[in-house]
Amino acid sequence: MLAELKESVWKANLDLAKSGLVILTFGNVSGIDRRRGILAIKPSGVPYDALKADDIVLVDLEGNLVEGWLNPSSDTPTHIEIYKAFPEVGGVAHAHSTYATMFAQARREIPCFGTTHADHFHGPVPLTRLLVESEIAAGYERNTGRIIVERFAGLDPLEVPAVLVAGHGPFTWGRTAADAVETALVLEQTAQMAFGAMALDPHLAPLDACIQEKHFTRKHGPDAYYGQKKEDRRD
Amino acid sequence: MLAELKESVWKANLDLAKSGLVILTFGNVSGIDRRRGILAIKPSGVPYDALKADDIVLVDLEGNLVEGWLNPSSDTPTHIEIYKAFPEVGGVAHAHSTYATMFAQARREIPCFGTTHADHFHGPVPLTRLLVESEIAAGYERNTGRIIVERFAGLDPLEVPAVLVAGHGPFTWGRTAADAVETALVLEQTAQMAFGAMALDPHLAPLDACIQEKHFTRKHGPDAYYGQKKEDRRD
Amino acid sequence: MLAELKESVWKANLDLAKSGLVILTFGNVSGIDRRRGILAIKPSGVPYDALKADDIVLVDLEGNLVEGWLNPSSDTPTHIEIYKAFPEVGGVAHAHSTYATMFAQARREIPCFGTTHADHFHGPVPLTRLLVESEIAAGYERNTGRIIVERFAGLDPLEVPAVLVAGHGPFTWGRTAADAVETALVLEQTAQMAFGAMALDPHLAPLDACIQEKHFTRKHGPDAYYGQKKEDRRD
Amino acid sequence: MLAELKESVWKANLDLAKSGLVILTFGNVSGIDRRRGILAIKPSGVPYDALKADDIVLVDLEGNLVEGWLNPSSDTPTHIEIYKAFPEVGGVAHAHSTYATMFAQARREIPCFGTTHADHFHGPVPLTRLLVESEIAAGYERNTGRIIVERFAGLDPLEVPAVLVAGHGPFTWGRTAADAVETALVLEQTAQMAFGAMALDPHLAPLDACIQEKHFTRKHGPDAYYGQKKEDRRD
């Protein structure tokens, strides 16, 4: 069932591992079939080099198992909250990548200091609040998804396709599982460049709004002119 | 004798080298057969690419050679002290991995700043005291083991499977030699993330206790739900 | 048409990707045939592993397409301004390499702190000013080229073959596309070494002028004695 | 002539390149035949992947070419000064490795903060003074060797087999060319660990003398007990 989706999610998980963003079994990627309301996600705790396309687990948006002989990622309820709140999102990735996690641990958003950032994220990469004790005690992973959604009030999740969960790490997303992994890679690079720029100048101001806008709209939206003709572009 | 143990210790030593945590002949891994009271350990100063399973040395818990034509690692007495004090430990790894060693050299424990840390270590990664001159002059390696054990008064070594020896570097352990190496890898990643978080905010407070607890118990103990069914999980 | 130039530009783009200076489709390299006034450049947004020599686009110095079925890099007008102002330049490279971009984002030039820098750059690596709003609104990429050229008033572009565009990243150049890529690699290494030296001493003064001069002239100009006989040297 | 020496020096140069300590043509390694007073050294500016054993150049201790069709490394006079002053040295390596060069550029010696350092260097890694203008104007490379030798007054070059040339970078040495390269690798690792420890505590004091002494003598001298029987040990 949904063999193509499972294949693409499997491949996206392997790409995440090959990118160097995860060690051991850290991290997971999912994709969704919006028509059926079913998502495909990495099984929990399975090493990437042993992972087969058939190991990918199918669950519905209430978290019920649809197909698979392994437990889905323990972060599945977080993915589900993202899919439920952001209808245009088709794939979600979670990694504990080094520099993005440093910002999450220091509880700082990533300001836009340059065009590398502006090319991919429309504004700073936002930081969630911390969960309170009752939100941790029951429904922890679902509540992690909820504070992500809460933080995006007023934000377009496809214009800012990443978040830092305070004290935890980044989640990224996009139209497909492959897009979510690509954004995870860009986020890590962006985080490292911001880290270094802040070391060179701890009081550095963000890039002017007009050039941020220019770079974002150069790659995204109706006036985009980066890349090849629209049908071929991934953004 | 104990061919299976020697094979697993040999493999764990190679995994340590492949992980990028050691250069040259730095680092060593051992495993123990608890029933016989014999441990298998890397020979001293032998390059990893020349190491064969048969080169692994067997010694007893008094440090006497049981089998092997090479000298055991000069850190063998440290490993022995750990095995003697922590009866549930089945494997020990020692590396001079870059970020963990920075903390050991700066004589700072690694605070728990995020869930990556909390998933693996129940509380901060502890730091030993420095050895005094008489402890260095005689029985240096055994005394290194003793200050590790001394530091773990009141701590469960399987809940905090790592230590930083002040001015030296990390030791990690687990139920098997492979577990000890895996923890060495997680420790290095954790140390780098803490290093960066502290650079972003030198006065950063640790993560709230309740989320630390949540993440640790999600992966460890009777209520763990991370990963696959209990028989398959490694933790 | 110009098959040899396209081949060398294609190879230089692949070398840039292999060097680790770019991720995804970040970065682009061009080369010019001065006699015909035609430049060869990477197509926009095409992944490096799918790039073929035939995909390289030919454009003239007014930016008109001469040959190719893909859009040229969106940075083409920046390359053109550099070629028009610096007649000895035969190749241009653009990357968002990590450490050079940190300096560009922090809006700091790279001072000459050591002989690694002095061997390749005659003085600090300069930083452009920021673009003003009207320069961003219309002709953004061409204006990026213009502020580079503006910054080089009084500088010899072959003696200082690199610039940091404020808030953006580095451009490098040389007699050929291959030279431009090699300089991109040296710039990144130089930037990382300067970053670390400034972390060790935030008030560090540049290297004395006389040793800067010595190292530069050891490798460049009529009295150069580094490397092999003149015909074989690339600088 | 001296085919074995040329082969070992060629291999040591390739090992330096493979170690990741050099990019492009940065760095060079030499070895000496003490009986004949002839040294073998990398030719100047030749890329490592094109280097053949036969390209290695032979020169005498006055710097006269003995054999070879390429120019020797421009740093040859520095190597010669080291060989002339330190009769037990059989190999010399020069790299612009990242962290060691940061210290050289910041004009700071590398204090001994841990046992990784103490295992290989008996005391801090020393820093030379800067050259004065007249020393740069004439005999620059020879004078670089002379300030290294000057700095080692009262030091045993085999107990401290490395130096940082102020504003330039490290030179390392040992009984053979291979030893010099191995020390270059250890120096880089040591420098990175010191860099990080100083970031965690800018006022960090060096390791106590007694443990420094213990670790050094554990691996070096008549009471060494690290590694295998003396004939097999490389230190």
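Think of it as A, B, C and D in the order they're written, each chain with its own count starting at 1.
As a working rule, a contact is a pair of C-beta atoms (placed from the backbone, for glycine too) under 8 Å apart; a residue touches a chain by one contact, two chains touch by 3 or more.
Since the structure is predicted, the reported quantities are computational estimates derived from the model, not experimental observations.
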Starting at chain B, fewest touch steps before arriving at chain D: 1
Degree value of the rotation bringing chain A onto chain C, based on Cα positions, nearest 5: 90
Interface composition of copies chain A and chain B: same or different, split at half: different
Most distant chain from chain D, judged by the mean position of its C-alpha atoms: A
Whole-Å gap between the CA centroids of chain A and chain B: 33
Separation of mean Cα positions, chain D and chain A [Å, integer]: 46
Where chain C touches two or more other chains at once, by residue number: 199
Chain contact graph, described as a line, ring, star, complete graph or other shape: ring
Set of all touching chain pairs, with the criterion as stated earlier: A-B, A-C, B-D, C-D
Chain C residues within the chain D interface of the complex: 113-116, 182, 185-186, 189, 192-194, 196-197, 199-201, 204, 207-208, 210-211, 214, 218, 225-229, 233
For the chain A and chain B complex, residues of the former touching the latter: 23-26, 43-46, 70-71, 74, 96, 98-99, 101-108, 130-131, 133, 136-137, 140, 167-169, 195, 198-199
